[in-house]
Structure formats: structure tokens, C-alpha cells
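There are two complexes below, and they share chain A, which is joined by chain B in the first and by chain C in the second.
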Partner chain A sequence: MTGTVESETELIVLPKKGARRGPEAQQPRRSGLLKFGHWWWALPGIILVVLIHYVATAVGGFFAFTDWSGIGDFAFIGFDNFVKIFQDPTKIAALGNTLFLAFASVVLSNIAGLAIALGLNRGLKTRYVLRVLFFMPVVLSPLAVSYIWKFIFDFNGPLNAMLGAVGLEELAKPWVADPAWAIWTVLIVIVWQNTGFAMVIYIAGLAAVPVEIEEAAAIDGTNLWQRFWHVTLPAIRPAVAIATTLGIVNGLRVFDQIMALTAGGPAGATETLATQVYKQSFSLGNFGYGAALALLLTLIILAFALVQQRVTNGRPEES
Partner chain B sequence: MTQHSRSRVLRHGVFAATAAGALLLAGCSSSDTPEESDGGAQAFSFTFATSNNLESPYQTLADLYMEENPDVTITTNPTPNDKYGETIRTQLQAGNASDVIQTTPGSGDARGLIGLADAGFLEPLGDTAQSLVPEGSESLFEIDGKVYGQPLDFTIGSVVASFGNAGRMGIADFEWPESMDDLYAACDAAAATGGSLFALAGAAPPNTGLMAQAISATRVYAEEPDWNQQRLDGDTTFADSDGWKDTLQTIIDLNEGGCFQAGSEGGGFDAITNGLSGGTSIGGFIPSGAAIEIAKAAPPEAAFAVEPFPAGDGGTPYIMASSNYTLSINAASKAKDASAAFLEWMSEDAQQQKYYELSGELPVSAYKTMDLAGTIYEPVVDLLASGSYTSLPSNVWPNPSVYDSLGVGVQGLLTGQKTIEQVLADMDTAWDQ
Partner chain C sequence: MFRYTKFTALREVVFWVIAVAFLAPFYFLVATSFKSDQETLTTTALTPPSSIDFGNFIAVLTATGNSNVIMGLINSILITTGSILLLVLFGALTGYVIARSTRRWSRGVYFLFLVAIILPTQLGTVPLYIGARTVGLTGSIWGMIILYTGMLLPLSIFLYAGFFRGLGTDYEEAATIDGASRTQIFFRIVLPLMSPATGTVAILCGLIVWNDFFTSLIFLGGSANQTLPVAMYYYIGSLVSAWNKIFAIVIVSMIPILGFYLFAQKRFIQGFAGGLKG
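Our next item is the complex of A and B:
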């Protein structure tokens, strides 16, 4: 066996000692750990995100066009599920509830959050303690919060007891089972928990507003409301955009609070798209129909997120 | 300098990777190990539904089995009743369901064994299970001649009343009403003491649904025992049925007559447990066995009894009675032999007797021959003997949406959101979907 090792004679040019090197190494020199970074190190993370988010969503979206019951086999039925959604008045009502809860919770929690942020911005000695107290509901589990509020709203619970104590017994009612009031109980719980979140965003935004501008406006003779509306509010516009975007996207997805307080009741008065997705897919074994509802909800959230992106990016920075 | 920091970074990197790998492996290896094939230790898991925090009869029986068979370990998974069906379906679909699962006959509920067996999740059972299936209801337990659930009980779906509570509420000489007029008089008497005749969980569809079915026994099935078959054949609908209209009207009348506790439209299962054990309500529409569980929290003089809901004027007394609890084996189980042995043990007379004592449900193998005088079933003995009963309609209905429409619809009737016509139309729509 002849083992011939092919070798080519190469011309190797050694750099002159001390002379400056030509173009540096192929990659720009980076400091510290980044020296060892390569683009394909992100690949495991990217694969996980693609699998868990996008592939899972796509599979769910596929089932929206079938009649799968969640177990066993299925058949492809095209757009039938979507036609069924828009022909069913209870699903239209659920869509209405979804939008109502999203917008009302954003408006209320942002107004309350901004008011608290303005109050705790500067001046008050106890403002740091108060900021912590107002933020604490945000870190609690929504389910735990909802169960406690359910107890408060219970027919034999503290709210009705308090109404009775001040002589307003006739106002006592089973709040979470009242067709008119049930959705408001859900709204109260959502706003109670999320006001703190809006508050911290606005505190951060307000911190960036220079005191001098407000002082200048005060010297010019504006009153408190004019100062707020014409000076402070325009300065915190980015914070408003962020708070409302997050608020709407989260508000459209609300689920825990509704399931714990009313389970979609009474008789479907507080059903939203999210609770209907759960009920149809898992309780009633109409997985395909539930997937269609989920796809619809996804498209709605996507639409609002895109609108908000436009609104926040389209505005030139006001410095 | 570069060499030094590079090796430091490498060392940190290797350490981080090892730590991450160790955590990952620890997480992966913590899953259940069912049966070990080496002779001796056997283990399997058992899921069943619970409606309260009191000890379940299934837990007691599992503990007893482990005492008698020290080499067997049963991991019990009590699961809340109001989400039970979707929980076991999700677990079966994901592949991490227990080996032995409590199910219900028929296809009218998410936990119905026919639906689960159709999808291939359940193991066919043997002759013992076959012999326990009540005559005439084979279609609720079998597909192609193979039985997929072993019945345990014979449950009466009617009213459970506490005569002791009537005494505690100050009603002297309380007798169970046998006509609707007597019933409304009893409602008035109970309401006058500040309590109520019935404790209702208006926000829990299983309870509102059971109430509607218990009342439908006399309004629908006493006259037409084959009503479900007529509906299956398309010869009638809920909307056309005077019996079902009468049933729902009765519920509205009960509500307006003050027969339910205040705030009943928003009550959960705790309203029933608290009302019956705390002595503010006399009865509830609960499965007969639930009385025994609640009796553990109630004082001994509670004196529960299973009573039939009175028929309307000119109607015939009738009740709902059928097997509602079955045990099934997961087709993907790795402990089928151990599970089958447990089911075999549950079917033995001694265990059937024990099941009866613990749960209050009549044992499926022996109820026809038992002497029920002096038990909570004494008031319905005659109805059982004369065959004046039918199985729960929800087990026979084709899909869970029909029963869901009924349970949700009854809450709508209580709050005034829905009319009788709307509820019946919803049930028909759900049937035909």
C-alpha cells in the first residue's frame, strides 16, 4: 500500500516583526466573553421559540379547519367553524365582552395609574412606601386574587354585609351571578390588579420629565390642569403608548379572573373568546371549533398590536 | 493574559453547561414509574372526582387495598368534580393519565366512557365487569360487545333531605311533601325560619343539571320512558316536549316560591355542603351517596333520607336511578395487571358492602336483594321494586353540549336571562351539532 500524502508547497509570507498588521482578524475584536460568540450559539434558543410558539400555534391553527373533538380522529371541514362562529349570537356576545373588558380595563387602569403616578411623583415623603403598596397586587397570582374577590362578592360575603351594616340591604345581590353586574365585578378585579403596573410605567415616564419645564410653565401662569395637559402629558407620550399597548394585548387575553369569578356565567353573560376557547376545546370536546375561536382571538390581538406599533413608531420623537 | 481569561471562561462555561444538564436530567427523571417488572413491588395510580374536602370513599378503599396487599402502592389523585371531564381528557390526550380512572357510563358527559373508548384511550375489561353491567343499559358500557367500564354503584338522582335539619330550623313534625302543594307549603315554612327547603348551587352546572333531571323523571319519563329514544330517532324535540317545558317551569316556580336559599343563582357546591351540614337548608338535589359524605360534617341527628321529588298534579311518582360511577383502565397504562386486580377486588361482595357503607351509594351487584329498611333509601324502596325509575338522561344523550346547555340554561332561568323556549332551543341545537 502506498500511502502517499499529498502535500502542496505553499508560499507562506510571514509578517515582518513589529510591522503593523494589515486588516485585522476577520472578525472585529470584541471585548470579554463576546469574543467567543458565534451566531449559531443562538440556534437552540431560536429552535425552542420556533417550536413552542410558532409551530404549536400553526398546529392549533390547522385544527381550526377540522372537526377534531380533542381525542380520536378528525376530518377537514374548511371554513365551517368560522361560519358557525359568526352565526352564533353567543359568540358575537363573547366577542363584545372581550373588546369591552380589554378597552375598559385599559382606560380605567391607565387613568388610575397615571393619577397615582402623578401623586407619587415627587414631594410626598412616604411616596416610596406607597409606590410599593400600590404595586403589590401586580405580583400576586391572578387566580388567588380572583378567589378572594369572589369571596368578597359572595352573597354572604363582606360586601353585602357592609351594605347591610350601613342600611342598604336592598342593594345586596349575588354580584357575580347578576346578569348586569357580573362583568363589572370581573372588570373591578382586573383594574385592581393592573393599576400598579400602569403606575410604574408612568412613574418611569414622569421621572424623565425635567422639573424646569413644569416650573417654567407655572411661572408663565398656567394652572395645574393646563400644566398637566399641555406640558406633562405630551412629555410622557411614549409611556402612554407602552402602557396602553401592553394593557390592550393583556386585556384581550383575560382568562383567570373570569374563570375564577364567574366561570363565564351567569348563563354566558361574562363569556369572552378566551373562556369560550377553553370551554369548547376541553369541556365540550369541540377542539376544532375552539381552535377556530383561538385563531380569531389571535388575529384580533395581532391587529391591535400592529395598530399600536404604528402609533408609537409613527410619531417623531419630541425632545 | 488572554490565555488566562480564556481558560477561566471555558471553566465557567463547562460548569454552567454541567449544571444546566444536571437540572434538565433531574426534571426528566422525576416522572412516575408505574409498575416495576421485578416481582414484588407493584404500583399504580388512581384518579377520581371529589366535590368537597371530606375524605372520599375511593381514598378509603384504596387505603384498605394497600393494607390487605402490602406490596401494592396506589397513588391517588383526587380531582375537582366541576372540571373533572376536561382534566382527564387532557391527561389522556397528553399521555400522563392515571392507570385507573373513574369515568361515567354513556357519552353525555366529557368523562363518559363511550367517547373515551371510541378514541382508544380505555382498555377492554373482562367478564367480571361484564357481569356487573345492569340489564338494559349495555349500550352505555360497551362498544362492539367489549365493556370499558366496571360499574360500582346504583345511584338515585333525587332529593336528599335532612329531617334533623328541619328540626334544627324549628319546623316541628316535618314530613316529606308528596304533592306540589305540600312542597310549596314546606318551602314557606322553611323560608319563615330564615332558611330554605333546598340548597342549590346555581352557578355549578352539574347541580342545576341534576336538579332538572330529577324533576324531569316525573314530568317527562314517567309518561314516556322511551323519550330519549324518540329524540334519537328524530320523532320529537326538546322544544316540542310538554314534559320538558313543565320541568323548566317547575324550576321557575320553585325559585319564585322561595324554595331556594337567597343568592342561589350564584351559589357553588359549598352552598350545598354548608347549607346541609350547617342546618339552614333541608334538602338538596345531590346524588344519594353525597349524603353520606356530608353527614360526616353534619351532626349525627341530621337523619338524611333519599326522597323522590313530588310529581305534578295527576302525575306518577318516578325517580332517576342508574349506575353513574365506573372504573376504567387506561389503555396506555403500564400497570394493567395490577389495575385489573384492583378492579376485581372492588367487585367482590365484601368491597361492594364497604363501598355502600362509605359512599352511601347502593352497590351495583346487590341492590336488588338488599333490605333497605332503616337506611337512607327507605323512602324509595317501593319505587325501585316497582321499576319506577329510569337512568340519567345525560348519560344517554349524544354529546356533552346538551347537558351543558341544560345546566347553564337553568342558571339563566334563575337569573331571568333566558326563557324556557330559549333553553330548550339551545338543547336542541346542541343535540344536532
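Our next item is the complex of A and C:
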């Protein structure tokens, strides 16, 4: 704000750091005590976050290198837990499922969300009502939503009834109990619930794109696709970054939907890292092993969040 | 040039068709929940119930023991309300100090909170569980409130800090001249000005707490203080494909949040869009 030189009489180049902070920054740094509020007001928040996020995560990370069972003694066993994970085909499959669900759900729900956002963006008279309807699944609990879909995919459920009604009885199957299809049912539930969320982020992003630019592009003879690809999409880049990053982070820890739909079955076909962490740590009492799985999940999430931020926010923003 | 044309009207119709298909699961949900046991088995999911029968809802609401839905509802309300209150108080205080401080550490602390938003809870869950068990906070409502507050505080602080940065210091300076203390300034002037931020924090965090299943399953599972999702999970686990009853409890669990959403849908959508854009 104050950093930009306003008039030619004021050709002072301010140091960047001071420029960002405004007038307060010019005061001597030593007296940097707050003018308003007290610094110790931040203490309860900092302590709680450090304890519940950082200390707990660090302790969990430590147990990942032990064989602790939750009670009694434990031994430090180095990377044995991780070796065990990568030698166990079921854990590799769980890792694969986790990545598949995260990526496929992000791609599908973002395409669907963006398409709906573009469609509702301008002109429609009932766009506000439609927006409320498309967003509705987002506010519901994933567990409750999954039960509705479990019924839809049930052998005696609506999906097979509809297939029967159009003469495709031979396609009917117990979808959730079918090893080949179970993971797709989980994917559909996640996409159904996340589409509205992506849509809302994109509607907000699109609202910031000036109509004039699109009009100018249209006058220059661009077609709809060119306008979307070269004008609209670059303008909503920040929205894409947010929607995909949050989608990946949430997709990687998918748990509720699987517990409700398949509980990891049939025959482990829908296990993910999160369900395995839960089962190993809390059902089987392998705290050390469960912690190793959780550490793996944590590292994957942090890595993806970082990469995602770099890729989608690649170019420095111009102001 | 973007006028309302025949093409726009067609687009409107197409989107309504999509919306109806998109929300079809709700039809199955409601239709099945009113069917009798016999009707659930004999009719297909597409046929509407022959009569509106509240029997399933009565059965669900009077279940006892591990699947006491009413208790779950009360616990969920208590835990969500308590968490929101603490998240607003601590989130606003911490966010305020971070946004107003010119000290270098405040940037470091801000970054600390930012990373904590992305950090998944799974790895810390086991140590937290053991810690909570040691101090006797598992299975307790207070334990859950503290836990959720800590878990979602980074998000709350992040949102508040963003809003505080956009607020000039004029009000605070004027109040200082008038002789108000720092505490008075914050609680009487700054916090009331932040009601959009408070609304966003309450909606986003409230929704996450209300719908959370993983944490409450681990910390409250099997105790008398189960939240609604956990009670629902156990209740449904005891029913084998009794879809009419399952859907009655699903509807009961959805009504509070759906009612709230339809009542304040604008705030919900703005909270999600604006809040998470940061």
C-alpha cells in the first residue's frame, strides 16, 4: 500500500520489509511490544496447538520406530516397521487405494464443481437456489451420507432396480461387496459430497473475473472453449489451487466413508492408510506399527500439500 | 452481451434436471424411512411409502444403551457448542496478537499454525489418546471440547488473523484516547467488529466438530458420552439391512445441521468460500 510510490515528488524507495507493515514498522523495533492487547493473550492458543498438534505428532513419530503395543515396555527397532509396511502387499494396496481415491476424487469433483460453477455463474434466474441445493451434501456428515449410498448400491437397492427397469438386469450386482467395484462406490460418494465444495470455491473465484475481459475476448472472435482456457481459467488459478489442495489433503485421509460403506472390505479391497492406522492402532493394538503407517500418511499429505502449492501458485502474483 | 436468451432458459432447465438427479439420494432416504419393515422388503426403493408411518423414528429415538440417539444428540450439541465458544475466544485472542504484533516471532508463530492446519491428526491420535487416558479425559465431554479446540484452533486463528489484518487500528486508537483499557478495547470494540469472522469460524469449525466421526469414535467410543455419529455407527451396526430404521436415524442426525444450513445458507456458503480462500 504505502510501498508503491504515489507521486513523483515522493521518490523514496522504502525498504521492502517496512513497506509491508505500514507506519508502525518505522517505530524502533525494540519497543515492538503490542500497542493494543497483550502478547500473553496468544499463550493459551499457542500452548494448545503446540501440545495437541506438534508434541503429539512428534511423540507419534517416535513410536513409529518402536514395537510398542500400547501397554508395557517397548524396544527401539529402527526402520523395521517401514520395511514391514513395504513388504506387506495389503499395505501397498492400501497406499494405492489412498492415492487413487485422493486423486480421482479431486479430479472428478473439481471438474464437476467447475462445470456447475461456470453454468451457474451468469444469467440463470434461479442460480442462488441451485447453488444452495448443490452445496447441501457438503454440510452433512460423511458417515450419514455414506449410509444413504450404501443403500443405493445395495443388491436390492435403487441402482439395481433402475438397471432392471431399463432391461440391464445382468449388470446388477452387490456393488459394495464386489471387490472390483467397491472402491468405485467409495469414490462416487466422495465426489458427490465434494462437488458442492469445489463449486462454491469456483463461484467465488469466478465472481472476481471482470465481465469486460470476457466480453473483450468474445469481441476478438474467440470461441467459448478458448475464452475458458485462455481467459477464465488463468484468472481463477488461486481458486484452483485452494480447491485442489484441500481436496487432496482431505482425500488422502478418507476414513468415514469407508467405515460406513465397506469397513475396508471386501477382502481388503477398499482399505486405505487411515483405516489401516485405525485398525492397527486401536483394534489390533499394534501402536508402533500403526504409528509408522500414520507417519507415512502424514509425510505423504505434507509432501502433496507442498507440491500442490508450488505447482498451482507457480507464477508470482502480479499486482 | 450476456442477456437472458432462449439458450439461457435451456441452460436453466438442464441445471434443474441435474440438480434433481444430484439430490435423488434424499428421495430414497425420506421415502424408505417412512416404510414399514414389511414394505421395505417387498417394495423397490423407487416406490413411495404407502402411508406416512413415524414408527421407525419412534423406534430409533427410544433406543437405549450404546445407541442412545437422544443422548448422542445432547452430547453432540454440548461438545459442539463448547468447542465453538473456546475456538472463538482463543482463536480471536491469538489471531489478534499475531496480526497486530510487529515482532518477528509472530510470523514464525503464524507459520506454525498454518502447517498445523494441514498436519493430519492420525499420527498424534495415539499419543493423545494415551495422554488423555492418563489424565482421565477419555470418554469425557470436557476432554472432547479441549481436544477439538486444540485440533481446530489453527484454522480459527488463521481465519481471525486474516480478518484482523484487514481491520485498521483507528477504532483502537480512538478508544485508547477515550481511556479504555486493552481488555475493554478488545472485548467491547474489536471483537464485536469481527462478527463476520466469528460467524465463519463458528460455522466452519462447528460443522467439522458436529460431523466428526474418527476422533469421537476413538475417544468416546463405548462411553456414556458418545456423540451422534458414534451412536449412529453403533446403532446401524446392530441393524442388518433394516434400511427403514437406518434411514430414520440418518434423518434424525441430519435434521439439526440441515435446518441450520437452510436457515443460514448464505452465511454457510460465504463462510466456506471466503474463509478458506484466506
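Throughout what follows, the second predicted complex is superposed on the first by the 275 of 319 C-alpha atoms of A that agree within 3 Å, B and C clash if a C-alpha of one lies under 4 Å from a C-alpha of the other, contacts with A are read in each partner's own complex, and residues count from 1 in each chain.
As a working rule, a contact is a pair of C-beta atoms (placed from the backbone, for glycine too) under 8 Å apart; a residue touches a chain by one contact, two chains touch by 3 or more.
Everything numeric here is computed off the predicted structure, so don't read it as measured data.
Participant: Going by the contact rule set out at the top, does A:Ala235 touch chain B (first), chain C (second), both, or neither?
Facilitator: Once the two structures are laid over each other on A, A:Ala235 reaches no partner at all.
Participant: Under the stated touch criterion, which partner chain does A:Ala267 make contact with: chain B (first), chain C (second), both, or neither?
Facilitator: After superposing on A, A:Ala267 lies in contact with chain B but is clear of chain C.
Participant: Please indicate which partner A:Gly61 is in contact with in the superposed arrangement: first for chain B, second for chain C, both, or neither.
Facilitator: second
Participant: In the overlaid three-chain picture, which partner chain does A:Ala177 touch, first (chain B) or second (chain C), both, or neither?
Facilitator: first
Participant: Applying the document's definition of touch, where does A:Ser141 land relative to chain B and chain C: first, second, both, or neither?
Facilitator: Only chain C is touched by A:Ser141; chain B is not.
Participant: In the overlay, answer first, second, both or neither for which of chain B and chain C A:Asp154 touches.
Facilitator: Both partners.
Participant: Does chain A have more residues touched by chain B or by chain C?
Facilitator: For chain A, the partner with the higher number of touched residues is C.
Participant: Does chain B (first) or chain C (second) touch A:Phe282, or do both, or does neither?
Facilitator: So A:Phe282 meets both chain B and chain C here.
Participant: State whether A:Leu163 touches chain B only (first), chain C only (second), both chains, or neither.
Facilitator: neither
Participant: Considering only touches as defined above, state whether A:Leu99 meets chain B (first), chain C (second), both or neither.
Facilitator: A:Leu99 contacts neither chain B nor chain C.
Participant: Quick check on the output: what are the common chain A residues between the chain B footprint and the chain C footprint?
Facilitator: Common to the two interfaces on chain A: residues 36, 70, 154, 156, 282.
Participant: Within the complex, which stretch of chain A touches chain B?
Facilitator: Listed in rising order, the residues are 33, 36, 69-72, 154-156, 173-179, 262-263, 265-269, 282-286.
Participant: What residues on chain B touch chain A, complex-wise?
Facilitator: Per the stated touch rule, the residues are 9, 83, 85-86, 89-90, 92-93, 110, 115-116, 118-121, 202-203, 262-263, 265-267, 399-401, 404, 408-409, 411-412, 414-418, 433.
Participant: Please name which positions on chain A make contact with chain C in the complex.
Facilitator: 21, 24-25, 27, 29, 32, 34-39, 41-42, 44-46, 48-57, 59-61, 63-64, 70, 116, 119-120, 122-126, 130-136, 138-145, 147-149, 151-152, 154, 156-158, 161-162, 165, 192, 197, 200-201, 203-204, 211, 215, 218, 238-239, 242, 246, 249, 252-253, 255-256, 259-260, 273-274, 277-278, 281-282, 287, 290-291, 294-295, 297-298, 301-302, 305
Participant: In their complex, what parts of chain C are in touch with chain A?
Facilitator: On the chain C side, the touching residues are 1-4, 8, 11-12, 14-16, 18-19, 22-23, 25-26, 28-29, 32, 44-46, 90-91, 93-94, 96-98, 100-103, 109, 112-113, 116, 118-120, 122-128, 130-131, 146-147, 149-151, 153-154, 157, 169, 172, 176, 182, 185-186, 190, 207, 210-211, 213-214, 218, 229, 232-233, 236, 241, 243, 246-247, 250, 253-254, 257-258, 261-262, 265, 268-269, 272-274, 276-278.
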